[in-house]
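Here chain A shows up in two complexes: once beside chain B, once beside chain C.
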Partner chain A sequence: MKDTKISARGVNVYYGANHAIKDVSVEIADKTVTSFIGPSGCGKSTFLRCLNRMNDTIDIARIEGDILIDEEDIYHPDVDPVQLRAKVGMVFQKPNPFPKSIYDNVAYGPKIHGLARNKGELDEIVEKSLKRAAIWEEVKDRLQAPGTGLSGGQQQRLCIARAVATSPEVLLMDEPCSALDPIATSQIEELIDELRGRFSVVIVTHSMQQAARVSQKTAFFHLGDLVEYGDTDDIFTNPQDPRTEKYITGRIG
Partner chain B sequence: MSTGQHIASAFDRDLEALQATVMKMGGLVEAAIQDAARSLESRDEDLAQRVRDNDRQIDTLEEQVNEEAARVVALRAPIASDMRLVLSVIKISANLERIGDYAKNLAKRTGVLLQLPTIEGAPQSIRRMAREVEVMLHDVLDAYIHRDAQMARQVRARDEDVDQMYTAIFREFLTFMMEDPRNITACMHLHFIAKNIERMGDHVTSIADQVIYTVEGAIPEDDRPKGDMTSVQHIEG
Partner chain C sequence: MTDMPDDRGAGRSAATSTASIMRPDARTKSRNAAEKRFRAYGLGAIVIGILALVFLLASILYRGLPAFTQTYISIDVALPAETLDPEGNRDPAEMAKVITFGYAGLVDDAMQSALEARGIEVEGLNDPGVLISKQAPAQIRDWVLSNPEAVGGTERFDFLATSRIDQYYKGAVTMESAARDSQISPEQLQLADILKDEGMLTRKFNWSFVTAPDASDQRPEAAGLGVAILGSAYMMLIVLGLALPIGVAASIYLEEFAPTNRWTDIIEVNISNLAAVPSIVFGILGLAIFINFGGLPQSAPIVGGLVLTLMTLPTIIISTRASLKSVPPSIRDAALGVGASKMQAVFHHVLPLAGPGILTGTIIGLAQALGETAPLLLIGMVAFVTEYPDAPPEGFFDPATALPVQVYNWTQRADPAFAERASGAIIVLLVFLAIMNITAIVLRRKFERRW
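On to the complex of A and B.
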């Protein structure tokens, strides 16, 4: 068993009167890929967004309970959400590179967080991040070209490079492959598998097969409840809760 | 075990068709066991010949199950209980095919035994043993279709009776052979028959394991009872 990286205890989320997450407690392991699955509106993305305080920007959102990363409460008043998000990176469903060069897309985070003392160090971070995102070979000769000119799969890997450039400890991915073709999807999945050697990766996906392929742990959400959480092997061969079984096998109910 | 219907109804039809083919195989195999044992007892060479001929149908159905199962895996990517079901039909059909082969072998030896001196009481003992295995097979297929793990466990336990019957027959044949060496050829054939029926029982047990796996998601771990003592037994002449 890997060490716990993220620990959520009794988390409730309300969007106004809507009770979106109901008393969810879960321990997410370090250097492990954890997938969140469940039907649309089940709360999996909401819960993911709690992990780097993305819900702070939504006025009507109210969050109760504790979320600890390395045993530190990320909702403590002293915690700066900007610093937190450098530590907890995020990749979204649709690739969203900045309308800037490939180089600047990756260099932006390290710059604002002051992670590089000079141009040489920054170059190094950019190269290392692009290599980790498995896109270096494809872009190394055109780093000044606009990031938006890349293909969808390349853009998503650029976004992953941007997310890992600040040396995060946790990487959150919200359906990172849903806009990609099968080849680009395989490349991202392969990348996720490599990244888990370094980070705790949490991925929200609508693809059962993707959850089965990339994750070691799976959490099934339904109507705001965390119904079942366990080893991916067990969830996909012999789920314990009938709601999980029905959902993953595509049954009515 | 989920019993709800799939949103994709064609998936349900595929899974039902797979199980129907397995049940059809099961019916043919039950008949093969019964007919083969009866052909031995009533010295009916025509019946034995029919058993030998019918085995081809069983083999064909097994191929059909394998092809269909492969298609379902490729097109539907079954998971959880669906995956267990697909794995179970592949394994169960392989077990049934083996049992069918043993029945065919029994029917072959019937042909040979007709030319040899009769062994008092042996065809009846064999028939009883075959009957026991046939009933176990019938029950385990019932357990499969009703998803009844408890019943599968009972079938599993009954294999001990078959093993004990085999041990008794083994001793009986040894005695016949010691009494008169002219009995040896017939007894050797009869012994292979008894051994093959005992092996059928093992395949039925293996099907029971598949029923339990399909229902509960895990193969039973406890060693099942063993009544066959012939491999460790020494009988004085």
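On to the complex of A and C.
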């Protein structure tokens, strides 16, 4: 068992009167891919967005409970969400590169966090990040071309490069392949497997096959409850809860 | 289908079972007819709109373009030293003691001698000097004071012809109307025709219509838009300098930072309502606050600019918020996701994308302010101003007038020559509006990079 990276204890999330996450406690291990699965509207994306405080931008969202990353409470009043988000990178459902050049897309994070002292270092970070996102070979000759001109799968890998450029410790992925074709999806999945060596990756997915392929740990959410959490193999072969079994066999969804 | 035995009951009509897509059925026909009618309405509306626009432009151009040309009489004027420089020192300071009235006789004398020299005689003609604008003495005096050494000699001047002569050549004054007119007689018109044949009377492009200040009722031929253009330009500077930063800052705060609660709802509703407040109400507000309470001078571009700023702000705020809203939220997520602060996300990513929209909204707001008349009437910008305001910033406090107010002002005057100048002023105003709108389009094209 690897070290615990993120530890959530008794997390409740309310959107106004809607109780979206109900008393969820989960320990997410370092250097592991953890997938959140569950039917639409079960709260898996909501919970993911709690982990880097992206829910702060929603006025009506209210969060209770503790979420600790490296034993530090990320909802502590002293925590600046900006610093937190540099440590916890995020990749979104729809590829959303900035309408700028490929280079600027990747360089933006390091620039605002002051990670590079000069142009040379910045170039190095950009190259390293694009290589990690397995897109360097495709774009190295057109770094100044607009990022939005790439194909969907390339855009998503560019977004991953952008997320890893700030050297995060955790990478959150909110259905990163839902807008991609099967080939692009398998490229991203391979990439996730490689990224596991450096980060703790948390991925929300609708595809159970994807969860089974890429993750070591799986959490099943249903109507705001964390129903079951364990090793991916166990969840898929020997689910403990009848709801999990129904979901993975396709009877609820 | 027709040869199929009818075993499904009589309910199934023959029409559906034999329907051919080559022949439209009744329902399709009526739908197509409705669509055709709708298209015809739309086309009709557009045609009516275009016709109205063409008619408007044609009538304004037809009536206003003549204001850009003016009839001039060029004549030799003797500058007698004994009246213009009684001391004989050629010292401009001393010569300035001779007021404009002292030059009045020179024009009449010049006309008389020109007629005698060329042997021109018109039966029943009296007072040929009337042909020349009452502006002329002041023109001679200004010239003499800057060229004192010329006194004692003879100099050729290009004088504006009086507006009746000018209108005679533009078709508004005829021999018949002159017979009933106290300011011009048919004989004087005949003289003008003779002068024209002699080459002394010509019609030229009149830059002074754009550059000169306003002139009194007695000499419409000399009236120009200079002060009005300067006043409008000063006000636009003030509006741009105040409304753009305030409006954009307010919109960014309301759109990106402000919490959604009852207070922001109230503010939002009020901004929309302010945009619909009649502009004259802003004039009363400006009169009460800036002039009566704030003690700012009347008729000054600063007050006009402040009032127009208040009026333009809602327009700018509404259009800026609309363009901020149109930036996809995924861009904000992306920026926040890599650890940008809210402000960095807004200034690095959202604002550049919203920029073209903000720019267009601002220029449209400015164009609206440029054409606004009613509030300016209330703060005294309708005054008769013949002095150019100083250069800014002091000039912001000098009396000035504005283009649309000048149009309004000229349409109030009795002399028909002002009607032509009012139309001419409208052309100038439209040219400025067109320039602003074209600028908006060009800037939009230039900065709108949809990657």
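One rule holds for everything that comes next: the second predicted complex is superposed on the first by the 251 of 253 C-alpha atoms of A that agree within 3 Å, B and C clash if a C-alpha of one lies under 4 Å from a C-alpha of the other, contacts with A are read in each partner's own complex, and residues count from 1 in each chain.
The rule is short, and it goes like this: contacts are C-beta pairs under 8 Å (C-beta built on N, C-alpha and C of every residue); 3 or more make two chains touch, one makes a residue touch a chain.
All figures in this text were calculated on a predicted structure; none of them were measured in a lab.
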Query = Just chain B (first), just chain C (second), both, or neither: which does A:Ile112 touch?
reply = second
Query = Which of the two partners, first being chain B and second being chain C, lies in contact with A:Gln209: first, second, both, or neither?
reply = first
Ask   = Which partner does A:Lys94 reach: the first (chain B), the second (chain C), both, or neither?
value = second
Inquiry  = Applying the document's definition of touch, where does A:Met54 land relative to chain B and chain C: first, second, both, or neither?
reply    = second
Message = Contact-wise, after the overlay, does A:Thr249 reach chain B, chain C, both or neither (first, second, both, neither)?
response = first
Task = Kindly classify A:Asp78 by the partners it touches after superposition: chain B alone (first), chain C alone (second), both, or neither?
result = neither
Key: Dominant toucher of chain A (residue count), chain B or chain C   = C
Remark   = Seen from chain C, its contact residues with chain A in the complex are 259-260, 328, 330-341, 344, 348-349, 353, 449-451
Message = Going by the contact rule set out above, which residues of chain A touch chain B in the complex?
response = 208-209, 212, 236-239, 242, 245-246, 248-253
Note = The residues of chain A that touch chain C in their complex are 52, 54, 57, 59, 82-86, 89-92, 94, 96-100, 108-109, 112-113, 146-149, 159, 162-163, 165-166
Request  = Enumerate the contact residues on chain B facing chain A in the complex.
outcome  = 2, 4-8, 11, 77-84, 216-218
